[in-house]
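Several structures are given next for inspection.
Each of the two complexes below includes chain A, the first together with chain B, the second together with chain C.
Now for the complex of A and B:
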């Protein structure tokens, strides 16, 4: 099945290197290549390319830190990568067209948005079973879990809603209308807010978890760029409550927002069609996937400057940093 | 929801349902009216003698209708979370039927919103009727620029691109390719004359030159006897030989009676574009970006055929109404119309950019695909065609040149 080749050698090298040199790893899903690029977060180089199923998009880590889950949309499955061998060890059926996945912090559950089916599927990755299917609006996309694991938020791209699902009952409890084509949802560290980006609406709605109402809508206006190309997609929030980063799609910018005042502080020029974002462990660096230019931009958080672009595969979509 | 029937069964069904509806209105049914939006679809089936030239193209008799049905289903998926319901009232008429009869039946059922899949003449007949005055129409089929210009109406929105928008979309791509010398061949219908005019205007606007033009001299022939090469293989090179040197051969044949013969039969080795070959179009089965595959899948599951541009247009109209109803929490015409005409209206339509309505002629502001028979080639507007408001307004008649006065 899987050859013990270059990656095996790499594993050997990794095993022989002293622990201090074991850098964080950044995983990038290449939607059109059916691969995951693995970047060494210190050297900022691609150190491995993992073959996965067809159309890999969203990724998430298991709670035990041993596996990386990859939604492979055209295979209607979740590929499970062993983080030691960096190879796909197994696969779990996910229902039609899985796009975004998240892992429950308290239980071995993966939440999957099934874009074609108007369903959020709950999978148990230990028992390899399906726990629930939750009907939502048209074209479910973004999925987020509150830090305490009590609330699951799902955004539906054609219904333009954020659905709030109780993770005990798996029932939709609240529906909040947001701007057009909501793509991504992200909770603040303290769980008091969830930020929902809207691609076509080009806004981020900040929803208060006390009353499930939109307390703020953030607009983006990039000077000298056609309005239609400004599209809000990936959102990443620093855990100290300072910054929010918003990927603005084909405007090729990442917005830096003050997490407290909701003011847009800066726009950072990155690669073409910037899609998703991930901070490294100590939140000093931000990694962006740039779909059209096929690279990852590394941003220094403190200076808010782009440091480097790293070429990866074709149409990089998602990015996560290993815990 | 009504399905298409024919003849007496249809009429009986109508009479029966009408009776039920009247019954509801006289009773306490009013309480629920606030949250229900009724949308009519008024369409004429295509003529029996009008079939596409290529055997690969299926004959579609319900273009528009299936798109509207999908839009209703999408709206209701959202509506169930918001307490709103959308109903489609279908008036799919035979080719020879009088569309005004369809309008009358929609009026009897108190339908305010009407999507039309009608040619320009039939649409104008409907719009001129007194029953049309208090209603709002969405044109999902007629590409005529006149409907958006001197014949424009405040109660008419256009959800399909005009001929000029399509011509501009093509011209921008040809300009990007620097294929600036065009030869133009057009058919003998009124529509082809109008499209040839739009193509000439687009060439002028985007710096191309129509080096020569000719009208195809034959009428629609018995295509099954031709086969595509018997006489055609010799006729087309001879027909084209007196045209001056050109980079691209542009065809205007909206009824599809000769243009499909042209690719590979030209005298010079030149690409063919226009209504055949590489085409500007609102929608295409090969379009896969920006989530378009989802729409194809939903549509094909429902309709068991590919989505046509007319279906896409009707889907947009229904979704625009659904979006307005959701945003305003209302199905009242005044509030919904204010929203559709306002600056906040922006609809996701799988084209990479939001679509909205132009204030000056109520034409949908939309990107246009430029597609070959099997792949999407590009999407216009092309990069570099600038516009003070939005590059999308570089397609079609812009505000300063519009003849429309509401």
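Now for the complex of A and C:
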């Protein structure tokens, strides 16, 4: 089989594109393969597979843009990948079962949710030391940082709470009860809201950062799909305040939500058990990890259509796009 | 005979077929309603059935209603091809075929003109169906609607040739029910029109093998790939070859010296 003229045109375009424009790479953690798949964001092909520690899940970039941190849960550590060589250069202990990590935009800190310990650990990746251990609810999972770095939000799956932590004092200041099994938290670009997804509740709670109250709860109902398979997990918000994307787990759909009216606009079919999401630099494309089908679906943001699904390793979990 | 004469002959037959089609509005509606019922009712009930698998030429996961569209396009052409054969039988019964056959042009040429006319009509129906499907949300890449045209011509000629061949065997209009039961239904159901071959294989090896031998499967795949801007080489080769063989047999069937016409006329006279 071959593509008609369009593919030739695409190849020509690629050939004429300066190398710097090809730099955008998508990193996908394969939970069961202990690898990170690297996808060329333009060609939409896997270009490299990096071997890392056991059970890689959440990933985050260092502030200098040189390293990629990977939480390797079964090794109780953070593997540090050199983005130049695409190899693990070092490892830092993280405490038990690290699941979600985020990097402080102002300091060389990594925030780690230790699922088995009911703790959020703060690590200094430059000094290779532990800065703090913050007790939170039961089974901490989602971690989000406000754009100004002042607030850290952590969701706890069994306590069904979003904990608001002051990043100066490392103390929990507010707790907000959300729906069952909160998985993920994400701030809007202006930092005025934080969106918290609930897996079993199949909702997203939008929390106002002025008064730490839920100002809106978004429900998801995919026609023709059993209710129990609709599980809200990953959330990604466009910085222009237009769309929110919510991964709906085993319903194999990504919901498109209007960030202003909170109305669900669309459901996009992707691979099986869609888990986490990431937008590319100019926010024209959204990448989804589909755990059970072992692939990444690429969605065109403007047309809200799935373009392609790219096979990666077994049980892809997290996804980040290189800056 | 001058080439201009051939062209005029083709134009005349095309025009007659088109006029007949335009005047039979119910036929146009029926041709659209049939696939639309499949799309909006049957496929809607099964929309999750294929949502969990990726099948070429699709780049990502699709709903069943997206999968079934090329099959329904094939169905439109299949029914149209058979309807053409029905009209040949009707023409023969009504005597209007004589008008065609007394033409000074060679019979094979007249038959090919008739085939092209039928194919043209089926393509009009297909694009009307694709437009409705597009409005319903089943949207292929825009260029795909252009690339599918040659595939539609080949498929139209293939099922048309089959219809022509059958019409040389069918003596009366009443026998058309038999064509429905023994030709259209098996061709449509035992093919990749409704389910991909790998899925048929999961349930029955025999059905899978029959579907893999069914030329209609390759016609549908040719349409499917073309609609998504790809050429399925194997399907194109098989569809073209089958078209050539069926067309040759149909021309032979309508040959007064050797074909079925003589025998049938004789048989008809005896009856």
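As a convention for this text, the second predicted complex is superposed on the first by the 302 of 323 C-alpha atoms of A that agree within 3 Å, B and C clash if a C-alpha of one lies under 4 Å from a C-alpha of the other, contacts with A are read in each partner's own complex, and residues count from 1 in each chain.
The rule we apply is simple: a contact is a pair of C-beta atoms (placed from the backbone, for glycine too) under 8 Å apart; a residue touches a chain by one contact, two chains touch by 3 or more.
Only a predicted model underlies this, so the values are computations on that prediction, with no experimental measurement involved.
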Classify the contacts of A:173 with the two partner chains as first (chain B alone), second (chain C alone), both, or neither.
-> neither
Could you say whether A:199 touches chain B, chain C, both of them, or neither, answering first, second, both or neither?
-> first
First (chain B), second (chain C), both or neither: which does A:225 touch?
-> second
Quick one: classify A:265 as touching chain B (first), chain C (second), both or neither.
-> neither
Which of chain B and chain C A:93 touches, first, second, both or neither | neither
Chain B or chain C: which reaches more residues on chain A?
-> B
Both chain B and chain C touch chain A; at which residues?
-> none
Interface residues, chain C side, partner chain A - complex = 47-48, 51-52, 54, 56-57, 59-63, 141, 143, 147, 225, 229-233
Tell me, which parts of chain A touch chain C in their complex?
-> 1-4, 6, 224-225, 252, 269-272, 293, 295, 297-298, 306-309
Interface residues, chain B side, partner chain A - complex = 74, 77-78, 81-82, 291, 294, 297-298, 319, 323, 326-327, 346-348, 352-354, 390-392
Mind listing the chain A positions that touch chain B in their complex?
-> 97, 115-116, 118, 137-139, 156-161, 163, 172, 175, 177, 179-181, 199-201, 226-229, 250
